[in-house]
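Okay, here's the structure, questions in a sec.
Order as written gives the chain letters A, B and C; numbering starts at 1 within each chain.
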Amino acid sequence: MAKTNPGRFFEDYRIGQVIDHAVPRTVGQGERALYHALYPARHALYASDEFARACGLPGSPLDDLAAFHVVFGKSVPDVSLNAVANLGYAEGRWLTPVYPGDTLRASSEVIGLKQNSNGKTGVVYVRTRGRNQHGDAVLEYCRWVMVRKRDMDAAAPEAVVPDLKKVLTPDDLVIPQGLDFSGYDFTLAGEPHRWGDYDVGETIDHVDGVTIEEAEHMMATRLWQNTAKVHFDATFRADGQRLIYGGHIISMARALSFNGLANAQMIVALNAGAHANPCFSGNTVKAWSQVLDKAETAAPGVGAIRLRLVATRGGAPFALKDEDGKYTPDVLLDLDYWALMPR
Amino acid sequence: MAKTNPGRFFEDYRIGQVIDHAVPRTVGQGERALYHALYPARHALYASDEFARACGLPGSPLDDLAAFHVVFGKSVPDVSLNAVANLGYAEGRWLTPVYPGDTLRASSEVIGLKQNSNGKTGVVYVRTRGRNQHGDAVLEYCRWVMVRKRDMDAAAPEAVVPDLKKVLTPDDLVIPQGLDFSGYDFTLAGEPHRWGDYDVGETIDHVDGVTIEEAEHMMATRLWQNTAKVHFDATFRADGQRLIYGGHIISMARALSFNGLANAQMIVALNAGAHANPCFSGNTVKAWSQVLDKAETAAPGVGAIRLRLVATRGGAPFALKDEDGKYTPDVLLDLDYWALMPR
Amino acid sequence: MAKTNPGRFFEDYRIGQVIDHAVPRTVGQGERALYHALYPARHALYASDEFARACGLPGSPLDDLAAFHVVFGKSVPDVSLNAVANLGYAEGRWLTPVYPGDTLRASSEVIGLKQNSNGKTGVVYVRTRGRNQHGDAVLEYCRWVMVRKRDMDAAAPEAVVPDLKKVLTPDDLVIPQGLDFSGYDFTLAGEPHRWGDYDVGETIDHVDGVTIEEAEHMMATRLWQNTAKVHFDATFRADGQRLIYGGHIISMARALSFNGLANAQMIVALNAGAHANPCFSGNTVKAWSQVLDKAETAAPGVGAIRLRLVATRGGAPFALKDEDGKYTPDVLLDLDYWALMPR
């Protein structure tokens, strides 16, 4: 029994500690096909090698969120196996596209620790980085999770709360090398709306809905080698329900947002994210977006757009929080990200 | 809200109009593996590169129906998003096999329009063509759908009903370049029955059945980037059921027909097809076939066989229509196609 | 109707008969990705080309059990379509790793026949071999199944019961060419425990559980082109349940065993196996292992470990049989295999 991984507890983390996560993973056309089977993903840059080459890339990369899920999944056994809650994300950046045949690995640095006043749990802040086989960083993000203590009497560490940016600025964004939207084909991409057509403050109801099945979210979560028991084992929670991996909702909402944001091709930054309410099999996921900001970039024809992406399980479109500032019960996800779009 | 795709309505179509469909798609080994996971597909030409090479092809192509579904899926947002019913198919031909790494795109030409007498809907006839990255046509077919009008008062267009062939003749069939069944290995293919062993009029009960799950038909339909809401959203129909994409039944029936038609390797033409009754999760799909015609071809060792393929959810084998000529309630699909077989 | 495969009956087998199974199959990155989606598989050698190369292999092979399932699936239409029960396995050996792009085919030799005393069924023993496109044997195993007779009055053949090894010895094991664990990276592999850390007799509770869904086991079983009706057709059994392919439980248990046996990288032999009780959708599968034996090998840094792998649907860990020597009702699988591990 001593040989199985019990996961780390709050007192196992130290500021500055770097944890190399296990199980490097080669990704390829199989993962790409499964991504298209699991989500209604239609962004042309991730569906067609020809379209991607016409945009200056060597071929169609793995979906940005698939790369995120692989890196995130690697971190689970070391960071969130004993997590009570996944509290937030910040300073997420995509740094190099991931192509079929690449092998990804990940590591996390502990950048913050704060014991909770109840003495039973604490918040661990990590900066997780994924790298490819050349050692290039492919993406990085901070997240903070509430983790149980093993020993309730263990002394609290000195509280360190990292000073994370609320929002990445346009200067922080890394544009993939060679990206060029000056010859962008709007017909093939599926919508005529370019960067200039979106106004800050504008909201878009993405209309379509997808009812979620157990087999699908479990296949997705396993594909990313995420090992959290709560997603797979119906006997784990008292209510007999399997909690759906929050990343499944992120990918579902992003894919649904094609309808209205077909040209928000590449995700380059994750400013913030909250899994507002748990999602279960049988829920029908819908999505809406709001334009939060816009910026120009140095790449030819490429604009940046900052979007709020909200996933719901119904309810009125554009409803988010109640009078007390709490998310309404139908809101599943509130994500703040930067994407690249043809100008 | 104006940015999402509301789909085209009846009055948006014009005779001669050519619609280039969005989202080109690179297909590969991932799509092939998923096809084998979703359907009990066993035709050797589509399972083994070695077998395909022994038949004169450069390698194992993507299943003909997978190529069809990709092209069909691309047409949905432009042709059938507001469709009330998918009424029929004609003049379908496979023109070039699709190989892993190919990128498919599609366009449709409007070839017929006829407003219904109720003034609320009309029938739109299109000829849809899929092309690969070299510009070669990979397949084409006509289909007609009943589409809602946006404005009930809009004037009816001049009625144009295209004169489509009821059945393609052997001369219409395009045999893939290099195809040679003269050294065909019947043992590896799984059955000894050759073209000469089938008689016109003969019926074959394919025996096996597959009970359909929500997760499977949704994964399949998403894989083809088919966006019709009714397949994914349990809140869309009043009865809370998700209607299964008709193409899922076509592929299921074709795969089941291996048992008795293992050597009907390649589909080269679709003469006609009717989705006789809707299919829902929990239905157990079975299939039977009838030999409708046979023809020789110029390719070495290759014969053509015209088959009726009927999918049912039970009921007596070979039952098709009642006394009034209506499909019996258990019939899901009635398909008429040409396949190539070793002589 | 005469054209469909009724399967072989007991009197159709002869000692020494070699049956070449149909449908050669090219496997690749799609099958690898699906394996990761269907099972919580995390062994690094099968996840990362880089890790595999660091262990002396040319790249990451297809999971050993996926290779097994493909070969097993090919044998089903000829060996077990009319089987009442899959009784046992022996002398299973993996001989050459399977790499993406390989095409597998299989044949079985009848090595034993024994009619049962009831006169209605008999036991057929076969040795099944899978080969790749170069003709190299990739794996072989014996299994015996109880098969129905077609004609109850058919005379019983002379009983031949092969003398199969209860356990393969270390000398029987074939170590993949080039395998070298002398520079093995335990951090990337996920656990620090090496061959020397395991004691004969030691038991390991693998802790995690996975609740099984219909869509998943059917997708897996179809992926291996296993055609046994009982896995797919809810109308086939009187109780309306689909029996889950025993191999699905083998793969699930093996994947779960990562937690505690992350370094038992490669399966090289299958000594014995029993599907103790049937598994159905909704069951939550857990697993435990016991170390049965250990041996050194000639390959650098490579040790062999013989493991009992038990899958259950709950119950007390390490429970196996009751006082009468019968498996307890919660035991699904009792497998005895050899794996390779860094020393």
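Here is the rule we use: contacts are C-beta pairs under 8 Å (C-beta built on N, C-alpha and C of every residue); 3 or more make two chains touch, one makes a residue touch a chain.
These figures come from a predicted structure and were not determined experimentally.
Visitor: If you fit chain A onto chain B using only Cα atoms, how far does it have to rotate, to the nearest 5°?
Guide: 120
Visitor: Answer with same or different: of all residue numbers used at the interface between chain B and chain C, are over half used by both copies?
Guide: different
Visitor: Find the geometric centre of each of chain B and chain C from their Cα atoms only, then give the gap between the two centres in Å, rounded to an integer.
Guide: Once rounded, the distance between the two centres reads 36 Å.
Visitor: Residue numbers in chain B touching 2 or more other chains?
Guide: Residues 28-31, 33-34, 213-216 of chain B each touch two or more of the other chains.
Visitor: If we count contacts the way the header does, which residues on chain B are in touch with chain C in the complex?
Guide: For chain B paired with chain C, touching residues are 28-34, 36-40, 42, 44, 47-51, 60, 187-191, 193, 197, 204-211, 213-216, 259-262, 282, 284, 314.
Visitor: Give every residue of chain B touching chain A within the complex, in rising order.
Guide: That would be residues 1, 3-5, 20, 22-26, 28-31, 33-34, 77, 100-101, 103, 105, 133, 213-216, 218-220, 222-223, 225, 227, 229, 232-236, 242 of chain B.
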